[in-house]
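Here's the structure, in structure tokens; my notes come after.
Labels run A, B and C following the written order; every chain starts at residue 1.
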Amino acid sequence: MITTLTIGFSLPTPFDAPYMERALLAGALIAIPLALLGAWVVIQGRAFFAHAVGVATFPGVVVGLGIPALGPFLGSLLAAALFTAVVTGLERDHRISGGAVTGLALSSAMALGAVLLVSVFGTATPVEAVLFGSLLAVSDADVTRCLIIAAVTVAALFFMHGRLAAVAFDVRWAAGAGARPRVVAVALPGLLALAVVGALPAVGSLLVSGLVVLPAATARLLVVRLPGLLALSAALGLAFSVGGLAAARLMDIPPGAAITTLGGIAFATVATGLAADAAVRRRPGLAR
Amino acid sequence: MGAALEWLADPWTSGILRRAFAEVTLAGGTCGALGCFVVVRGLAFLSESMAHTMLLGVVLAFALGAPVLAGAGIVAGLTVVAAVAIGSDRRLSFDTAMGVLLPALFGAAVAAAALVEGYRGRLADALFGSILGVTTTDVALAGGVALGVGVTLGLFGRRLELVAFDRALAEALGYRVKALDLLLLLAVTLAVVVALRAVGNVLVTALVLGPALTARLVCRRFWPMVAVATGVAVLCGVVGLYTTWYVEVGAGAAIVLTTTVLFMLAGALSWLRGTHRPLHARAIRGSLPPE
Amino acid sequence: MSPRAAGLEVRGLSVRLGGRSVLEDVSFKAPAGALVGVLGPNGAGKTTLLRALLGVVPFSGEVDMTGEIAYVPQSGSVNSSFPIDAFGVVAMARYPRRRWGWRLTSADRALALAMLDEVGLAAEARRPFDELSGGQRQRVLVARALAQEGDVLLLDEPLAGIDLPSQETILDVIAARCRRGALALMTTHDLAQAARVCQRLVLLDRVLIAEGPNEEVMRTDVLRRAYGTSLLVIDDGAVIVNDGAHHDH
């Protein structure tokens, strides 16, 4: 593990403490499943759900922190699982319903968390850390969890790749060809909920969806085919995560905020760069 | 009997609560009415995203010493424009656009809040709202927006409804559909900005979606749905404030939880009565096309 | 691809969806080598029939099918912003049915390319699917069905709204398969085209109105039982059907 970095002038290096090593390791590990799932989220237009399930973990974390026997990981896992089950049950077709039920459910989860925070578990809960992540909050157990979640997700996505592609591209044909869209409809949100929970200590409930959507959306602007999209999404996710964590350390801002701001800047740069390029190509005098 | 009346009247003795009641009625009612359009047109993610991205405007305005609501409004407008621009790319979608803008701009807001002098601690306020801190100016503003939205719905309501239910017909009838879309988005933006004060960024969505969804379970036609949603929103606000007066609970959270409870009650009721309607938008019918 | 004799016999097929009867007691036979047109007004249950044969909707009755199925669904079910090229779409058919996974062998890839070539799009193999024209897309989707190597081809309005050359290519390819022993079931709204290219017809309107060789079904009295007032008969026997191209269930 890199513990020192020599620069011309002295700056506190981002990598100089054990907590930072853990944060970077966890961040790097969990960024990959989040970004890979993010590619499918972008393809299927499920970003609202990705945001909502992140927010819905908030009451789970609050309860988990307040009941030491439960712990924030189990608390958030239960909350995410419950939320996923309820919303996928109620939203018949997210394209038709426009997500109104998802929206109400996520608001209620937030309100529930706020009530539990103030009334039940007291002001000792670190709200900012829960909502936006904290470098200090990543434990060794969290790193292990991120490793396991990353391994499980990557394996599952490999195993199901053909099925996922068929269902996402043409669900009617896929059903006829035996791809069982129902399995996909359960597996993808389930894996997403799991990966989101893994990222919570470092990134926080309200911004974790950034690590899901931003890498894949940026990659989609640059890549035409699926394998490339998956690879580039993972690479960008890794970059945003590590870069954001380092920036959070240097600037003393919440890591979730640093990561998503970095991702946002990257997306904006790519998008405007491509748009400008296209505009230049269209003008006859300046054509390359 | 006397005790019950006293119990009902007690919160009104407080000037703070009186202003809060006024604010919640005006802001809540506006959100309830517009929420019907949001629900029917599938704009839930957009209103949720705007509520979050506005915070960037708030923080930057605070840092620059500019009026906070102006900052919020400007960023909300930019969010809509960017969402449409990104969403029109064939490779992405409107949903992806907001999936990008929400964490990016909201994250930037949180980062800015951490860096701006004196703002860090106030983040919780902006997120969860502080309806008990509303001033008479806030109430006046809410009143102004409520009046504006009321007038807009009075003048353009039928057209907005037609655009929501049968866009092709609206275009064929010569309505300026894009302008009406803009008008609706402007109204929703203003309502959300005002409701920020009442329940905060994070919980505005509940005021916009909850009463409208509840009304949809109960009504079959659009304008009754709007009326019921407005009433339900006001009711949730009032009940929420009573709750916060008598119980140790945050006002914003109380109001939001009331909307959820009412929605679940309405859901249970309609399920029991067997009049359960599928929750998707097509279950509501618009009124006949106008002249 | 070795020629195998396909066969299809349907007896008393009924489907209920959402509390309504969509198909009732439909029976017909389709022999190997036949291109069978499935006709009927909107809501007649043509698409539902195909979906029942695929096993995607529950039905009562009996279906005897010899051969594997290949399917071309109604256009519009495709997510055209999906990051994939023409070759990728066809190659999807090569994942082993029910096992799926992620690997494709070089034999799979070669077959996919060959099918793409058969519909005349080998040159467009690497073009993103969303950049193709309507006719090209439809040909790619037909190539995908061919790559499934099925002997029973089920096609839901495969020729609707695409350019004539693409229609001809698709019909040629299907006819070639039928000559080699496959059987094709094709729903359509285009009566004239069905009369021209199909050998047998099945006329539905929730129930079976008629089925058999063209001459038996393409008669005014028979058509009237299905199309009712949508039918317009002119003096010299010409028949026009006023039937908008909606999607039925």
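In this text, a residue touches a chain if its C-beta (ideal position, glycine included) is under 8 Å from a C-beta of that chain, and two chains touch if they have at least 3 such contacts.
What you see is a predicted model, and the numbers here were worked out from it, not measured in a lab.
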| item | value |
| --- | --- |
| Mutual neighbours - chains that touch chain B and chain C alike | A |
| Remotest chain, chain A as reference, centres from CA atoms | C |
| Per-chain Cα centre nearest the global Cα centre, belonging to chain | A |
| Chains linked by the largest number of contacting C-beta pairs | A-B |
| Averaged-CA centre spacing for the pair chain C and chain B, given as whole angstrom | 48 |
| Centre distance in Å when chain A and chain B are each reduced to the mean of their C-alpha atoms | 26 |
| Separation of mean Cα positions, chain C and chain A [Å, integer] | 41 |
| Touching two or more other chains - residues of chain C | 81, 83 |
| For chain B, residues contacting two or more additional chains | 91-93 |
| Junction residues of chain A, two or more chains touched | 220 |
| Touching residues on chain C, where the partner in the complex is chain A | 51, 54-56, 69, 71-74, 77-79, 81-85, 88-89, 92-93, 95, 97-98, 100-102, 128, 141, 144, 148, 154 |
| Residues of chain B touching chain A in the complex | 38-39, 41-45, 47-48, 52, 86, 89, 91-93, 95-96, 98-111, 114-115, 123-124, 127-128, 202-203, 205-206, 208-210, 212-213, 248-250, 252-254, 256-257, 259-260, 263, 278-282 |
| Chain C contact footprint on chain B (complex, rising order) | 90-93 |
| Chain A residues within the chain B interface of the complex | 41-42, 45-48, 50-51, 90-93, 96-104, 106-108, 110-112, 114-115, 118-119, 127-128, 131-132, 206-207, 209-210, 212-214, 217, 220-221, 251-254, 256-261, 263-265, 267-268, 271 |
| Contact set on chain C toward chain B in their complex | 80-81, 83, 130 |
